[in-house]
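Both of the next two complexes hold chain A, though its partner changes from chain B to chain C.
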Partner chain A sequence: MEKIREEIKEIVRQALASKEVDLILAWEKGQLWYDSYPAFFTEEQGVDSLVWDQFCVNNLSKYLLDDGMAGQKVGILVKGCDTLAFNQLVQDNRIIRDNVVLYGLPCSGMIDPAKVRREGLDRGLIKIKKTGDQLIFVNKEQQIKVLPTQVYYDKCLTCHYPNPVIYDRLIGEKVANETLATHAGRFSAVEELEELSTKDRFAYWDQQFSKCIRCLACRNICPACSCEQCTFDDSELEILGKAKENSEDKFFHLIRAYHVAGRCVDCGECSRVCPQGIPLEKLNRKLIKDINELYGEYQAGLDPSIKGPLVTYQLEDTDTFTAGERGRKQK
Partner chain B sequence: MQRVGVFICWCGTNISSTVNIEQVVAALENIPGVVYIKDYQYMCSEIGQNLVKDAIKEQNINRVVVASCSPRMHEATFRKAAAAAGLNPYLVEIANIREHCSWVHKDKEAATQKAISLTRAAVAKAILNEQLIPGEVGVEKRALVIGGGIAGIQTALDIAEAGYQVDLVEKTPSIGGKMAQLDKTFPTLDCSACILTPKMVDLALNSKINLYSYSEVTEVNGFVGNFEVTINQKARSIEMEKCTGCGICLAKCPAKKALSEFEEGLAKRAAIYTPFPQAVPNVPVIDRETCIKFVTGKCGLCAKLCPTGAIDYEQKDQIVNQKYGVIIVATGYDLINLDRFGEYQYLDHPDIITGLEFERLVNAAGPTGGKLVRPSDQKQPKKVVFIQCVGSRDKSERGKAYCSKICCMYTAKHAMLLRDKYPDCEAYVFYIDVRTAGKGFEEFQRRAVENYGVNYIKGMVGKIFPGDNQLQVNGVDALSGELLQLEADLVVLAAATQAKPEADEVARMLSISIDRDRFFTEAHPKLRPVETHCAGIYLAGACQGPKDIPETVAQASAAATKAIGVLSKNKLVNNPCVAKVEQAVCSGCLACIKICPYEAITEQVIEEKTRGKVRLRRVAEVNETLCQGCGGCTVACRPGAIDLKGFSNQQILAEVDAICR
Partner chain C sequence: MKKIAKDRLSLLWPRIALNYQLFLPIAEEKVVNFSRWEEGAEVDLATLKTANSPKDIIFPQTETYLNFKQEGKRLELEMAGGRKDYLVFGVSPCDVASINLLDKVFLDEPVDQFYQEGRQKGVIIARACLNPAETCFCSSFKINPALAPAGADIATWDLGDSLLWEAQSEKGKELTADFDDLLEEVSREEQERLEQVKTGIADQLKDLPLVNLDPDLIEGGLNEIFASEIWEHLYRRCLGCAMCTYVCPTCHCYDLKDYDGNKCGERFRCWDSCMFSDFTMMAHGNPRTTQKERVRQRFMHKLVYYPNNYQAYACVGCGRCTEKCPVSLDMVKVIKKLGGERNEL
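Let's look at the complex of A and B:
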């Protein structure tokens, strides 16, 4: 990764120097070991602080919507999951593809600081090295070998797109995709919920949603939540009041799930950023699973030229409303 | 400040017997905004309307809520009343406390509570109502008739008679439809062709009517007054202007193996053919599937013989795009497929035929020159069995639950014709019931029994066993309970009628609805029998349900009248309840474009200044003339940037809130 980091820096410097782009979206190292946060680079000189490590989990593509990007040629570093999000934004007409230069970065997974802490690996941590299939956590006293599966984000363990699906320039070697089985198994948690009775399932979500503090982090990070003005911010409609009310929390999450249905790229960012640990990916994956079952396998963001199944109509579409006893799904 | 007047109608006792009006009045008194409440026995009466008008003037109310019957009944009445009193008619709101409440409930207490909720919701919506001004749109003074059977012919003639241009699109090479195939018509026994062909000729000679034969409508867009239609004129392989209809090509064509559609497969026809001698237009068509020239590349005899050089093997389908003010659907019917009625052996034996085939066999212009003979050995039958209700009134999957309506009468006609021509031939009719409701119908059927000695047997046939020479018909006489075995020479099946198989497609293309039997649905079974739910599209004939000729013609003329009503107007008033895009909120995902069935939404790129820079942004825009106010887009719009005027999201939510409160 360090070798690639230097390569990235060189490319970014050149791109800025040659005015190929006006600015570049990348990551910068923060104060703490797990802190790799989004950064804008406009000057060649500033590029030294650019970082590419196993904490660069933030999807940067949504920053392309920022007003500040207007009329500029923007370069952006993107991982596999980020490119799905990028494509979705292109499909939703939120980004003009030609105004962006994509620097693709193959990614074998990002480390979840919470898991590192849970394993006690953060104590005295100096650095993390990657050798072959293993991660080595180096502290003052020793070097601890760890399997990536122990510390990677859950979403990375089921990731099916470790390599960018679209890029103008690829930096580094593509990585092997070893997650076929886990990717197929990403719906197992949804299946468990489907097995529950309606009452139990309601109780489950009731409990989960009651934790919501309506910080809206899930919405703000979501690449499918790209509206010019979010319906929840429309004070005239009064869909969401200011008060913390359980029923409104539920509606917030359910409406949001439906608003992103068919466009959710399953990047898992909503669950990652939720400070309350609400498993929002289960909600989104339920809808993805239903769409797959009803209209055939569909991966949002894979190809922006394909129209999503929920905004197109074909005569052969499964018609559960008439075919399946007044809307009940046929078993 | 909105000042709402609420007018509660008793509808005689229709509402007041189930809803406690006093309680409704009392409940509404405390609602903010409601400044005036009045109840009356018949709010739609002139006195009732005056109550509304007076209140607008005297009480200074600026929103009107009428709690009464369905808005489909009297919304227009109260809007007019409001307009007469100087109030914008779209500030009137109807609470349906009859169809939605008193008529469907028995419990007075609960019904009263529901009436209160519904009225409260209407008040909440009315407060948010805004003044709307309808626009105007021109009318294309041209009608499209789809289908050239008797229904389509009659409609086209009537509209042309009123002075408007009509285009008639017929799928087959000639107009005439099923009626052209019939021999005689009940209950007068006049020759079908004799009464139909003059109309066909009229149509052909009428300068107002343009006939697209051998053509199909492939696409319909637009709306009443302004339909945009694409018609595919299939390649006839003949240049219509050059052809004189001399018929040399038909006679000399060496490929004579195809079964004649017009003769119901009882005769062969050439690959180049006109369906029947009186065809309109009298221009042949080359059937490219059986034509030797098209199949092998060799032949070309017709081109060599044609005195005017009208044959054109290279001809291609032609696409015609045309605008119409109205569309009349007259696509007719078919007989059901009998392959699932194994007991009647229709598919296996040539002497078991349908009623339509019988028509051809007794027709002087038919394959036998009008001599009734058995298809198997060309011998004259001595005993003919007619079986009615083959697939009609049959609730099983293979049949049709409805009565096909025409079979009782045409079977009586067939039996009568048979006995008249061949007095030595016996006629037996198996029936479930004989249904002869129609002018002169009962008398006609009785004549068959009493004067012509047709044997009517109440009962059904269980099975037909083809013997060496005859057909053994096993049936039951339901009145005596006796099992019958008849040795018949010919069996005629009154196969059920059904909607055309392409009805689904036509319905989808026109955005009109079909019923469970795939017949097109009229807007109201009693009061709007020839209109569809789509304004400007009308129905004529058996495509709407089984019909005989008199009914078809009556409906065709009715549809023509409705169409003329639209064509006679220079401008149509637009529905002002159309969608509107708040472009500042629109994110440009354009899901609305994909969902809009009227192609009323288009993409627009706008420039926005942000932080001193210009940002280009895609947004949706609604064409108000094309928008029909269905509201599909408003639900597809995630940020709620599209709203339907008169039914805004805010209004709907206000109604929900009012009901839940």
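Let's look at the complex of A and C:
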């Protein structure tokens, strides 16, 4: 990654100098080892601080919706998962494809700082090296070899799109997609929940949602949550209050899940940012799984020219809407 | 000074729970938060930085003011309140300091009666922070993680097999007497070990990556900082969520609302966040119309407005925003951008 970091910087500098773009969305390094955060580059001179490392987890596509982007030609660095989100925003008519230059970055996975801390690898950490299929955590005293699967984000372990699915320019070489088997396994946690009785499943989600502090980080980071004004923010409608109330916590998460159904690209950002560890990906993946089973395999954001199954209508559609017996599969 | 053997803590919890609602750091699927203790709970005294601060126990996220009911022309009002006695065990020094900051706001005239009642009915037992994390910068706000600030009723130190225990207030002394049968006297050797632990903490502090942060070095008055160019660069990545404000132990803004059930209802207050677009919404609209102004408000409040009113910063360096903000727009970066950092020697 260090090798192509310099290449990225050079490309970004040239793009800004030549006015190919007015602005580039990328990442910058903060004060701590894991701290790579979204940054906006407008001048060549500032590009020195740009970073590309195994902590550039933030999906930058949603920033394309910002008011300040209007009328500008914007460049953006995108990983595989980020391109799915980008395509979905194009499909939702929220951004115009031709106003954006996509610099694609193959990605073999991002490191979860929480897992690093849990493994005790953060103490005195100087740097993390990657050699072959191993990561080496270097601290003052020793070098500790770790398998990426021990410290990568869960979402990266089931990733099916390590390479950008759309780009104007690819930087670096495509990585092999070794995750096909685990990708299929992304529904295993959903299947476990499906095995539960309705009562137990309700109890499970009731307990999970009770942890919610209603900070709305899951909604605000979500590329499928792209409404100009969220109905939950309309204080005159009073659809959702600010009170921490169990029924409202559930209401918020369930409504949001249904609203992003068919458009959720499974980027996993909602789960990543939740400060309380609510497994929101299980909720979204349940809907993805149902859509796959009811309408055939579908990956949101893969191809914006294909309309999603929940927004298409065919005259020969024979679904009676009741055949599923309240959503339950008929045996 | 007293001590309690760790293996006797399982006897202490049910004893406390007889007379108090007991809150302890409890692990639930890898996330540790202060929760109501019940038999069998997974108490985690090793994790020092809980995901949330214990703020929501003292200043609940949602709190009912009054219930109302209309019958014909008669409107019946019933005051809520009536908090039960509670005890929070294991509060870090930074979080104790944050309670003192909340006190300045809510116990200042006009006194907030709900908050006052909550404070009077609560007992705070602190635990020294033996392992400050890399995201910690409490020493920048003159908090010593080896000691419990005034405000804690009892201070504790974890010596591995036992917890050293020292009452710091009248409430703390009474409680210590109540549990006398579970507590033991501390030996000279243990006193010495405590001193070593304290020195160890001080040594660790020196090596922390954020140790050079010093808000006192921030130059300029309210107007200069308000007009600073840094906000223009900083705010752009802000998502406008409320994570920083809700995990923050010192953020204390709230909203007042009614649940309207037509003929009956409830008036409540709940946490609000200056990051939200409808924060301080008035009839004419919102005085802060862009995210830039909202971000600036949050940090101005902590570093300028609050200090102007109460002669203290409204940050305790707990580092929760530093660890949790989804886009790393945290207190550390703001203080640094404003020049609040000592040059490394």
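FYI, the second predicted complex is superposed on the first by the 319 of 331 C-alpha atoms of A that agree within 3 Å, B and C clash if a C-alpha of one lies under 4 Å from a C-alpha of the other, contacts with A are read in each partner's own complex, and residues count from 1 in each chain.
What we mean here is this: contacts are C-beta pairs under 8 Å (C-beta built on N, C-alpha and C of every residue); 3 or more make two chains touch, one makes a residue touch a chain.
All values reported here derive from a predicted model rather than from experimental measurement.
Considered on the superposed chain A, chain B and chain C are sterically compatible, since they fit side by side.
Contacts of A:Q276 after superposition on the shared chain: chain C is touched, whereas chain B is not. In the superposition on chain A, contact of A:G68 is made with both chain B and chain C. In the superposition on chain A, A:K3 makes contact with neither chain B nor chain C.
When both complexes are overlaid on chain A, the residue A:F40 reaches chain C alone and has no touch with chain B. Of the two partners chain B and chain C, more residues of chain A are touched by C. Contacts of A:K140 after superposition: neither chain B nor chain C is touched.
Of the two partner chains, chain C is the only one touched by A:S235; chain B is not. Of the two partner chains placed by superposition, A:K19 touches none, neither chain B nor chain C.
Note on the composite model: angle chain B-chain A-chain C, taken at the C-alpha centres, equals 120°, rounded to the nearest 10. For the three-chain overlay built from the shared chain A, the minimum Cα spacing from chain B to chain C equals 5 Å. The residues of chain A shared by its contacts with chain B and with chain C are 68. Interface residues of chain A facing chain C in the complex, by the touch rule stated above, are 30-32, 35, 37-40, 58, 63, 66, 68, 114, 118, 122, 211, 213-217, 219-221, 233, 235, 241-245, 269, 272-273, 275-277.
For chain B in complex with chain A, the residues that touch the partner chain are 584-591, 594-595, 610-611, 613-618, 636, 638-641, 649-650, 653.
Every residue of chain A that touches chain B in the complex is listed here, in rising order: 67-68, 70-72, 92-94, 96, 226-231, 234, 236-239, 259, 307, 311-312. Residues 28-31, 33, 51-52, 61-62, 134-135, 209-210, 236-237, 239-243, 245-247, 255, 257, 259, 268, 270-273, 276-278, 281, 322, 324, 326-329, 332-333, 336 of chain C are the ones that touch chain A when the two sit in their complex.
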